[in-house]
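The same subunit A turns up in both complexes below, where it pairs with subunit B and then with subunit C.
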Partner chain A sequence: MQAWIEFGQGPLFRFAFVLMALGLARIFVLTLVNVAEAYRRNPDKIINYREVFNKTVAWFIPAGRLWRKRPVYSLVSFLFHAGLILVPLFLAAHVSLWRQSTGFGWFSLPQGLADALTLIALAGALILFLMRAFYAPARALSRRQDYAWPLLLAVPFLTGYLMVNVSVSASGYQWMMLLHLYSAALIMILIPFTKIAHCILAPLSQVVTAVSWKFPAGAGDRVLETLGLEDRPTWVDKPRLGIEREMTRELPEVKPAEKEAKAS
Partner chain B sequence: MKVNPLSPEERQKAFANSKKPEVVRRQQLPVQYHVEDHDLQDRPRRFLEAFAAILKHTNYRPALEHYVRVSAKCSRCTTHCQVYLATGDPRDVPCNRSELLLWVYRRHFTVAGVLRGRLTADPGLTDEHIQRMAASFYDCTACRRCHFECPLGVDHALITHLGRYILSEIGIAPRALVVSVREQLIGASGNTSAIPVPALLDTLEFLSDDMKEEKGVDIPFPIDQEGAEYLFLPAVSDFLMEADTLMGNAAVFAATGDRWTVGTGYFDGINYGLFYSDQVLEKVLLKIKAEAERLKVKKILIGECGHASRTAKFFYPTYCGGKEALPVINIMEYTWQRWKEGRIKLNPDVITEKVTYHDPCNIARPGWIVNQPRELLKAFCRDYVEMTPGGRDNICCGGGGGTVSIDEIRPYRTIVGGRAKAEQIRATGAKYVVAPCANCKKQLRELVEDNGIDCEIVGLHDLLYKAIVFDKQG
Partner chain C sequence: MNRVRNFKLFLWALLGLGAAVGTARFMFGLGATTNLSDAVPWGLWIGFDVMSGVALAAGGFVLTATVYIFRLERFHGIVRAAVLTAFLGYVAVAVGLLFDLGLPWNIWHMIIFWNPHSPLFEVGWCVMLYLTVLLLEFFPVPAESFSGLAKVRNFLVKLRLPLVIAGISLSTLHQSSLGSLFLIMPYHVHPLWYSPILPVIFFLSAIALGLMMVTFEGLISSYLYRRAPETDILAKLGAAARWVLLLYLGVRFTDLAARGQLGHLADGGWQVTLFWMEIALSAAIPAALLFIPRVRHSLAGLWIVAPMAVTGIVFNRINVGGLVHQQRGETLYLPAWTEIAISAAVVAAAALAFLYFVEKFHVWERRPQDPEAAPAALPRFDVASFASLGSPLVRSRTLYSLAFVFAAAFGFSLLSGEALSSRGVDPAPVEEARGGDTLWIDGNLDGFGTAFAHRRHVERLGGDSTSCALCHHLNVPRDRQSGCYSCHRDMYSVSDAFGHDRHASPAGAALGCFDCHAPDAVKSAQSAKECADCHKDLIPAGAVIEVEDYQAAGYTEAMHQVCLGCHQQQAEAVEKPDLPRCGTCHREHKLLVDDPLLAQRYQRLESRGVIVPEVLEEHFQGIRLAALPQEPVTQIDEP
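Here is the complex of A and B:
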């Protein structure tokens, strides 16, 4: 048991952390490269940077936009994110571990505040999970990973909280430590490859969208050249008819009014 | 905003397909809009080829890549789509709509997707999926309202635009749009409404005579004036249907004395390329450029039309010279500026009925034209009320994204697409709804008619024409 814990604190943590850091750095840089490339290939350099900036920060400031629609959900979600980010980075116990092993340390949260944030994050995870499960539009959107994430994220918070605040037997403590370390490692490993990548990519969304709306000049013609259809642009008569072999396959039955059956 | 749910009868009416069953079968396309015959052989493969070619030459890849990574499925956007608010159908949640295309991207254009496809023997893109996209991307009006509500910045209208573009490259695009574009780019008249130049000149002369009678001053429509300051391009349908708007436009210039001109070489602001094809977008803007160069004008002036203004303002620089391209302004911007300078006089006692303002998505969403028309209206309408929500966060009329031109889906537009808007308009109790956009006007007229709302849909310059005063008058 102790060996497993030491593995989790040492090599596993280092591996997961480095993987996360490199993975996030990779997608961040790739996104910037994409943006630069898109910017370069377009003659139109007029981008409303103020607008891009405003829209970007608007989502990080808990006034304005966030509250206008669904204020309760917004509040829960905001606090949840705050706890999620602040506690792992600024918990005194974590910071002192960093200081011990690397010599670097930084500001840490008072324990009371850290506890409160932990509880908030836990409650947030629960509420967000329930909302996903019971609010119909959210359920319609959700994939398996969307349900799994709040639960997985809750594990290190719950175990961490219990270890600090509840006296348990030594072996119970060890089990909790094990869970704490391994779930945290799993989370770190998954972050760059899943939707949680938004933790680093979200600030780039608006600029990505802004350059994507810049359509390079001449692209429409080049697309047709690539397709070998330069003499059949979409606006001529019968542009996409009779280019290829005769139809050979028997066509399946299609119902005319598929949409009539839409959820009623 | 809450919207009354659809009753079963309404649902049936809105989603009934007016097309002949044999056409649907022949084209393998259960969508409500008409499509020209196209090759059905291997549609999925050809869709993917077109997708690949488009990715290669355009800037969509960064957005797709990014959205695939960040989309958190948080469901915030559900509160913001007028289509979803009306239907309550999960397929109409913006994030789900975009997922249709993002799925194809992930499955066929990312390493992980291709690998997973191989391992699980997943067939990949099917013809049924293409049919779903063809329906869904024309249910969306590309109004961009949902973009504001996504914390991760996913722009569903961009995805809708791209989805439609790819579909058009395999032959799937609304016939109504394609036919107009054909006339505009290779037809004899060279404009979407097929108006020949002699008919245009007749109309303008007739309007001038009318105005002379009504206002007692000469209000000309200058034609082919070389070296004029402004080349005027309204939605060409205004020449047929919006005489009052045009008279207002002309009256403003008569008051300010600035030099403007209508060009007989090209006089159509409409650009359906925004709705389904980047290539069309470019070709139409190049027509504007050619006319501007022929007449050596200094600025491009677009009439009261949302999508015409947006295509010119935001894409003219792209295709016509970047920062050196001629500046583009909208007629409301122009009028507002001149009014501020005191060069236009308005009588505040003419319009006494209740007036409200509908923001056309294409000009309001970027925050470009929001306050100018309001300031003008407040200056000469005694009883001006706002719609809520309005401004940048306005609700789409339900006919955006070119869907208003598709007559066969009128029941869908007026029962589903415009449902939220109808309730908004009813709540204001206004006599005049000012909708400075050819598309919005057509949609709102049908909307108030089908929903039994008693009001009149007008352009901003229609009212302004009534209120404008000339010193020489009387």
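Here is the complex of A and C:
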């Protein structure tokens, strides 16, 4: 048992963490490179970068469009994310482990706040799972992994909370530690290869949309046509191809008098 | 085109592994990532990356000489590939060297600080200049693709002959002087390898290796890209190589005979086995096979001979570079897996660069079909999920980066915690200082200590109990004026003055976790009780040295801090500028080392090179270790 725990703390953790870090960097760079290539191959170069930037920022603010449409979901999701991000990064125990092993440490949350955030994240995971399972439109859009993710993410939080706050037998503690380490490692390994990669891809979401809407040229408009939504306004600029502009530009009229003058 | 893709996938994985190990090497140093030691400071990285790297790149100067000087135009088809190999080989040498240098950021020093007596100085300069020459020689090839560079290209093409001549001269110089490096070690390198004509031997084998490497590389690339190999050209290279190999073999054995070392061949032992293996692989079997025309002209024959000769001569460089150095009772050096990973990664990077240039530019007469640039290819779909696998370019990009990332993560998982903390310093437990009024302070009992006039210092500092606390800044519980050794327990490493396990163990204080740690907080030093909460008299009144975290510095460091801190202040206060100098305290080594009883032990310590600036012998006539405690040396503080 102890050997398995040490494996989880040592090689497995290093593998999972490095894979997560490099994997996320990789997918970020690949996305950028592929977007750049799509842009390069597309004759329609008009991208409204100001709008792309505004949209990107807007999606990071929880009180945005989603807040007006689905306030409960938006709030739960925001709190869930807060707990999910803050606790693993700033839990005092984690920070002191980093300090011990690398010599670098950083600001850490007070234990009470960390406990509260953990409970919020756990509740958030449960609510999000239930909403997905019982809200028909969400259910229609969900794949199997979408149900699994909130549950998997809850495991390290639950075991971590129990280890800190509930006194259990020594073997029970070891089992929980084992579960904590291995579920966290599994999550870290999966992050760069699943939808959780949105943790680093989120800033690119709008620029990807803006470029792929026009790649191949006119693709987005054809999608709208197919869906019967031609009238729906989109924030992406209409294609103004260089060629089209060239063809539609009015040629300066040559007056007959000048023509004659030239001819003579 | 799967061959190229799989090969590149493998190379990218090697690169990922190397990236992980390389990070560890630059973060934690050579001691943590290699099996090198003071006894074996040169290992695989010098033997393979540098010595073999330079030799493997010899094809460049051999073929440019053949084509541009001797005008053998039939070899023209492979000269560009040979120059590219040489260029990348030298870049790999430079990169590999950075891993091996203890202070890689000082690599430019040889440009400014000249040491013309050193063969390494010559090697460094030649390699640097030859790298420049190779860059200029190869630059016209990629420049063909950019019309803006036409003028530069034309200029360089005109400059080709001088460049080629410079390249040949520089190669001759440093290929041989890599052998000269070992001339300084006549008793260190095994006599079967050591020779005063090592430079000649190195130069000859480099020519042979260059020819064989060009052959090998032609075979590999024709396999990868499924192109017809230039068998007739390769056969001619082999025909030339057999004479060089034969000459090399002759020189090796004539040299052994002339030096009268042939007798060693009957010695037995692993070195002799190694010697025969090396000779067989590098020269004897390849030369014999190359004399058979059928072997020379057949693909299979070349596939056997070229890799064998390349392996053999690389083997020779590794042997001379470190493997057959006399080990003087130390354990045999074998490279750590981390060293192999770095070497492999450097080679992989060079190979990837080679494939890049070959695919993108006109290195060969007929450019291979670029597996990644197939704009007309139909998209491929995964059979199971019908997901598009993307264009070939996107697919390979995805796959290569995935291989890199997985290999890097795997590499990091293999670098265990123990490997990351340098094995650097051996534990050196500290012994108590002996004596009474004069203390003999010599923590590791190696004789290089100091006679400390304890009584004299007490008197100087006031003579009452407060003067004790100026140095004795922390007591062991239920003790007064505890000796330095009781906390500073190792000569060089930090030791734990607190002793967590002793507090927790039933055999010690038998405390529970929550006797010290707050129950609702993370168990750390910060959240635990202060020591002074239980041990009321731990820190004596008047102590000026503050205890911060109960991590006791190494004995040497602690002694120097406590003594020198005061001496530096006093030097100004009493106007004795010599007070903080080494010789003020360390002045009696020599006499003690002269003690016949200890002489034997100090012989092995001679090399430590302790420098005693001013030995005031008149004060210490007749003092011996045994006599120290009885004889207080009261004049110590007098000028």
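Throughout what follows, the second predicted complex is superposed on the first by the 203 of 264 C-alpha atoms of A that agree within 3 Å, B and C clash if a C-alpha of one lies under 4 Å from a C-alpha of the other, contacts with A are read in each partner's own complex, and residues count from 1 in each chain.
Rule of thumb we're sticking to: a contact is a pair of C-beta atoms (placed from the backbone, for glycine too) under 8 Å apart; a residue touches a chain by one contact, two chains touch by 3 or more.
As the structure is a prediction and not an experimental result, all values here were calculated from the model.
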| item | value |
| --- | --- |
| First, second, both or neither for A:L19, with subunit B first and subunit C second | second |
| Subunit B versus subunit C as contact partner of A:N34, first or second or both or neither | both |
| First (subunit B), second (subunit C), both or neither touched by A:S96 | second |
| Subunit B versus subunit C as contact partner of A:T226, first or second or both or neither | first |
| Touching partner for A:G10 - first (subunit B), second (subunit C), both, neither | second |
| Which superposed partner A:Q111 touches (first subunit B, second subunit C, both, neither) | second |
| Partner touching more residues of subunit A, whether subunit B or subunit C | B |
| Touching both subunit C and subunit B, counted on subunit A across the two superposed complexes | 30, 34, 37 |
| Subunit A partner contacts - residues on subunit B that touch it in the complex | 8, 11-12, 15-17, 19, 21, 24-25, 28-30, 32, 36-42, 49-50, 53-54, 56-63, 65-66, 69-76, 78-80, 84, 87-91, 93, 95-96, 131, 135, 147-149, 151-155, 158, 168-171, 173, 178, 181-182, 185-186, 277-283, 314-315, 317-319, 321-323, 366-367 |
| Residues of subunit A touching subunit B in the complex | 27, 30-31, 34-35, 37-38, 41-46, 48, 51, 55-56, 59, 65-66, 69-70, 73, 77, 132, 135-138, 140-143, 146, 195, 197-198, 201-202, 204-206, 208-209, 211-224, 226-227, 229, 233-245, 247-249, 251-260, 262-264 |
| Contact footprint of subunit A on subunit C as seen in their complex | 20, 394, 397-398, 401-402, 404-406, 408-410, 412-417, 520-522, 524 |
| For the subunit A and subunit C complex, residues of the former touching the latter | 10-12, 14-19, 22-23, 26, 29-30, 33-34, 37, 92-93, 96, 101, 111, 192 |
